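Presented sequentially are two complexes of chain A, the first with chain B as partner and the second with chain C.
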Partner chain A sequence: MIDPIEPPRRKNPLLRTRLPASPPRARSRTSHGFTRAAAEGRFMLQRCEACGAFAYPAREACPACLSVDLAFVDAPRRGALLAETTARVPSDVYFRERAPWRIGLVKMDCGPTMVAHLHADCVEGAPVLMSFQLDKSGQAVAFARPEGETPNMADDRQWREMTADPKFRRVLVTNGRSLIGQEAVAALKAAGAKTVFVGVAEPWRPFAGEQLLRGQQGIELVTLDASDEKSVTDLAADIGGKVDILVNTTEYVRPGGLLDRRGTSIARDEIDQAYLGFINLAQAFGPAMRMRGADGVNSSAAWVNILSVHALANWPAFGAYSASQAACLSLSHCLRAELRPGGVKVLNLFTGPVDNEWFQTVPPPKVAPRAVAQAIMSGLRGGLEEMYVGDVAEEIRQRLAANPKAVERELDK
Partner chain B sequence: MQSKNLLELAGAVSSGAVRVVDLTFTLSPDFPVIVLPPEFGQAAPVRIQEISRYDGRGPAWYWNNVTFGEHTGTHFDAPIHWFTGKDLPNNSVDTMPAKDMIAPACVIDCSAGAAQDPDFLLTVPLVEAWEAKHGRIPERHWVLLRTDWSKKGWRDYANLRDDGAHTPGPNAAVMKWLVEQRGIIGFGTETIGTDAGQAGHFEPPYPAHHFLHGAGRYGLQCLCNLDELPATGAVIVASPLKIQNGSGSPLRVIALVSAN
Partner chain C sequence: MAAPVTIPYARYSIESAQWWIGRALSALVARAGIKASDIDGLCVSSFTMGTDSGIGLTQHFGLCVRWLDTIPLGGASAIAALRKAARAVQAHDADIVACVAGDTNHVDSFRLTLENFSRFNQDAVYPYGAGGANASFALIARNYMRTYGVTREDVGRIAVAQRANALRNPHALMKTPLTIEQYLAARPISDPIHLFDCVMPCAGAEAFLVMRDETAASLGLPAARLLSTIERHNAFADDPMQVRGGWAMDVGELYAMAGVKPDDLDIVQTYDDYPVITMMQFEDLGFCNKGEGAAFVRQHDLTVDGDFPHNTSGGQLSAGQAGAAGAYLGLVEGLRQVLGEAGPTQVKDAKLGLASGFGMINYDRGLASGAVIFAGPAR
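For the complex of A and B:
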């Protein structure tokens, strides 16, 4: 059983902020099958198509029958902890700073034996559940935790290195005008975030839900117009050093594609809000977040983007909007690479049409803003990079994997 | 006029015998703009992006790229802005006569009424009462509506409620009357538009725009410091940017006021 983590004290200004170190990065190309699994919160192993044996670590041929027909598939997570050891003086800088560090050998029910990082409550001989997690280098590592819930389970020191749990952290939700933004604020508070800063552009315009946000303990309304460089840098000057998680809830949805629109002014607004807004936020808040990745219990931890799944496949009815989302998706990969040295995760949530005013005439299924907020929480707590929220997003993901051309034709209706 | 009179004017400005009052808000991204339903085309907000600031992008110089809609900040409305003025000659900011950019002003102080009622309306009887005190409004004068609205915080300034904006302005009758009976050159306000916040419900809708621009006259809005102007005798200098076929533009509006 582990003790709950304490709320972090204020920083001692006499001490240097410890810079983030990264755990070892090298992986084989095949091993990125695990990276993908970890990014999506799945547990996938290679399985031989010929004899059905599971293999681990990643291989080019089946260890049982030598078939080269190995595919990554979702695998049973259960195993038993065979042996454990504690690294006390590791040679690697990252682990040395975090020593002692427990690792163990887990015999999986489905066959292979895996070396894994251990949750503190794992006991030798007892069953464990295995997952792949993204470490501070963004690489997949195996992580074993007890099969059942244990007290303060999420507060485990080694687990918290793999996740971006909002507990005790300070979060900036960039757009408090949107329903998703408001639901995210409520969910983050419920998840134990210390402070949620809520960005409001053009505060002279009243908006629905404003009264709920005002005057609540731990919620601070701040003036933020992501599309305005000065507004973003001004806010970063105030709070940039204490934003541990940034949730980009920019929302600028307008119907229309190319030929039935006149001119570029709406497209320009879409780009200003979504794409340039992203750049403004990244340039203003990214450097401090990258620098504070090892800054204690409330180190910087994650950046969350909420993207339309039509970033992946253009939906002509909202064609220009889809393109703005595709631009943001591309940018998010750049941001992920640039934040990686700080160990800061970039979580992309892909949604189908959200149940808001702009998709009013779109038939269901639509994603409830609350479902998006809940997905953000589970993504942060699980340390994920990619999530597909709702039926439409999940369906498009699967159909894209099967036949992108079919998706293109079928979105044209 | 002899050139020595012009030199005298310059000397008076320099000495302070003629005061120059700046009637302009700083053009900044956070200044409220006109709110239209979001499905309409929107005025681009004011954006100021650094090109360089004595840094790697330009070591010895500081400059910005600036973008904004024609109707942002303290700005000028040309006749072409409204459908009623669309077929007039020289109806855009680049073709309007330059001499129209300098004209005297009558300032009607309605600050007390506007303080009582955000939907305060200027009416013909109110202007007639003003004329009884200050004399008939001469032709080719600006009429500036002082409400002290420019002194409010941005939220109260925009004063948006679920049934629209509530800000003072002229009613329809007074606009028709000022244009047709008094021959004013234009009408200026401290609020976001020359029309009242609820003027979309007037008959005709947006009467200031309707009558002013239909007769080739001009609008000025988002003015400030009107409380520093006398009721009569100030001279307004309002020269919009020469935007090709432009319907208006942000501008620096100044007033020349005799100091004694």
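For the complex of A and C:
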């Protein structure tokens, strides 16, 4: 059983901030099948299509029958911990700083034996549940935890290295005017975030839901217009060193595509708000987040983007908006690479049309803002990188994997 | 097998692996009283040669050979080298084969070797902070000790006896006595592996020559005869955890081919990357049954003067692990023993010896194993 983590003490400004180190990053190309699984919170292993045997580590041919038909498939998570050890003086800097570090060998019920990081409550001989997690170098690692719930389970020191749990962390939600932003604030507070900074552009303009944010313990309204470089840098100068999680809820949705619009002024607004806003936020907050990736219990941990699933497949009815989202998606991969040395995760949530005023004419199903907020929480707690929220997003994900041309034709209606 | 040579180890070296291998070849030639041009076969093992393999070394050292091999089998390299070299001279593919292993140890060599060890290690072990073999062998040791009721004190007897042997070896890196109390009180590295269960990485080289009987006789070289040898890789893959090595598969053949029994052996040199692995070899090489390794070490004195002289130069645990040369250390010392050239570590009347190798913890277990029985000219 593990003790709950203590709220972090106020930081001594005279002490040097510990710089982040990364665990070993090199992997074979095939092994990135596990990276994909970890990014989406799935547990996948290679299974031989010929003989059905599961294999691990990543292989190019089946060790049972030499078939080369090895596919990554969702696999049973259960196994038993055969043996454990506590590494006290590892040679790698990342682990040396975090020693003692516990690992073990797990015999999976489906066959393979896996070296895994261990949750503190794992017991030799007892069943464990395995998952793939993204570690601080962004690569997949196997993580074993007890089969049942244990007290303060999410506070496990090694588990917390794999996740971006909001508990005791300070979060900036960039747009408090949006319904998703407001739901995110409430969910983050409920998840134990210490402070939620809520960005509001032109704060003198009243907005619906404002009373839920003002005067609340642990919620601070701050002036922020993401599309305005000066506004963003001013805010970063104030709070940049204490933003552990940034939730980019910038939202700028306008209908229309190319031919029925005149000129570029709306497109320019879309780019200003979503794309350049993203750049402003990244440049102002990213460097400090990257520096603070190993800064104790409230180290910087994650950057969250909420993107339309139509970033992946253009929806002509909202064609220019889709394109602005595609630009943000591409940029998010750049941000992920640049935050990686700090161990800061970039979590992208792909949503279908949200149940808000801008998608008023769109028929259901639409995504409730609260569902987006809950997805953010589970993504942060599980340390994920990609999430599809709602039926529309999930359907497009599956159909894109099946036949992207069919998606393109059928979105044109 | 003739001209066993050891280039004394150094904890760290600013020289290259090629430098160490060159020293070993030079020592071989001097020791055997031959010319470098008499060497027509070469077999090399090293972790730190960078982009070189055996072929690069031929030009580097001016050797013109007609038989060449590079053996990347870690701790099993010496046995594998000997087996191949013996077949080569038997078939007259070569007349005199130089078997050599050498590694340097720069301040960051060990970490770099770990980082680039193997694909499974890179994908599924190194990212877990295993930091070398320690954590992987800790898992094996823990399971083995629990399964067979082995205590740290049992395992420690092996390390303590080897230290006593090392104190006789002027070239051993460890120069202070080790008591069982000190062994037990050592700091934990990766439970149940503690400090004195671990080898000291270092720089060094080991080598010997392989030739036919008549070649040795014509050169007037004292030589040991190869009586039998076994080699096995990825044995017992279905064992969930390693409690035995490949020796257990072939040990019957090892003694039958040599026409000797385990009791007949005068000296035994096991591959001691961890003492628990040595205990496993005592069982798998037929000195006792599986699960009786602890009782065996309690009942025997493993020192040079004891009733079961074992790892007489101190082994890797006390002499140091010079990379791939660690595979050769036991065999080279064993050859010195049966040739009566072991000097301060000489076991009286040693005529019949066994050396074993074990290597390549690719993922969750050591994959390569081998053993050899050899006799000195007196037998």
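In this section, the second predicted complex is superposed on the first by the 413 of 413 C-alpha atoms of A that agree within 3 Å, B and C clash if a C-alpha of one lies under 4 Å from a C-alpha of the other, contacts with A are read in each partner's own complex, and residues count from 1 in each chain.
Assume contacts are C-beta pairs under 8 Å (C-beta built on N, C-alpha and C of every residue); 3 or more make two chains touch, one makes a residue touch a chain.
All values reported here derive from a predicted model rather than from experimental measurement.
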item	value
Most chain A residues touched (candidates chain B, chain C)	C
Touching partner for A:58 - first (chain B), second (chain C), both, neither	second
First, second, both or neither for A:223, with chain B first and chain C second	first
Touching partner for A:381 - first (chain B), second (chain C), both, neither	neither
Partner chain(s) touched by A:399 [first = chain B, second = chain C, both, neither]	neither
Which superposed partner A:78 touches (first chain B, second chain C, both, neither)	neither
Partner chain(s) touched by A:157 [first = chain B, second = chain C, both, neither]	neither
Which superposed partner A:370 touches (first chain B, second chain C, both, neither)	neither
Chain A residues contacted in one complex by chain B, in the other by chain C	none
Contact set on chain A toward chain C in their complex	23-28, 31, 56-58, 63, 82-92, 94-96, 98-99, 101, 103-105, 107, 113-117, 135, 137, 139, 141-142
Footprint of chain A on chain C - complex, ascending	110-111, 114-115, 119-120, 122-132, 134-136, 138-140, 142-143, 146, 187-193, 237, 240-241, 363-364
Chain A-facing residues of chain B, complex	29-30, 32, 35, 41-42, 44-45, 47-50, 153-155, 157-158, 160-161
Interfacial residue positions of chain A with respect to chain B in the complex	202-206, 223, 225, 227-231, 265-266, 268-269, 272
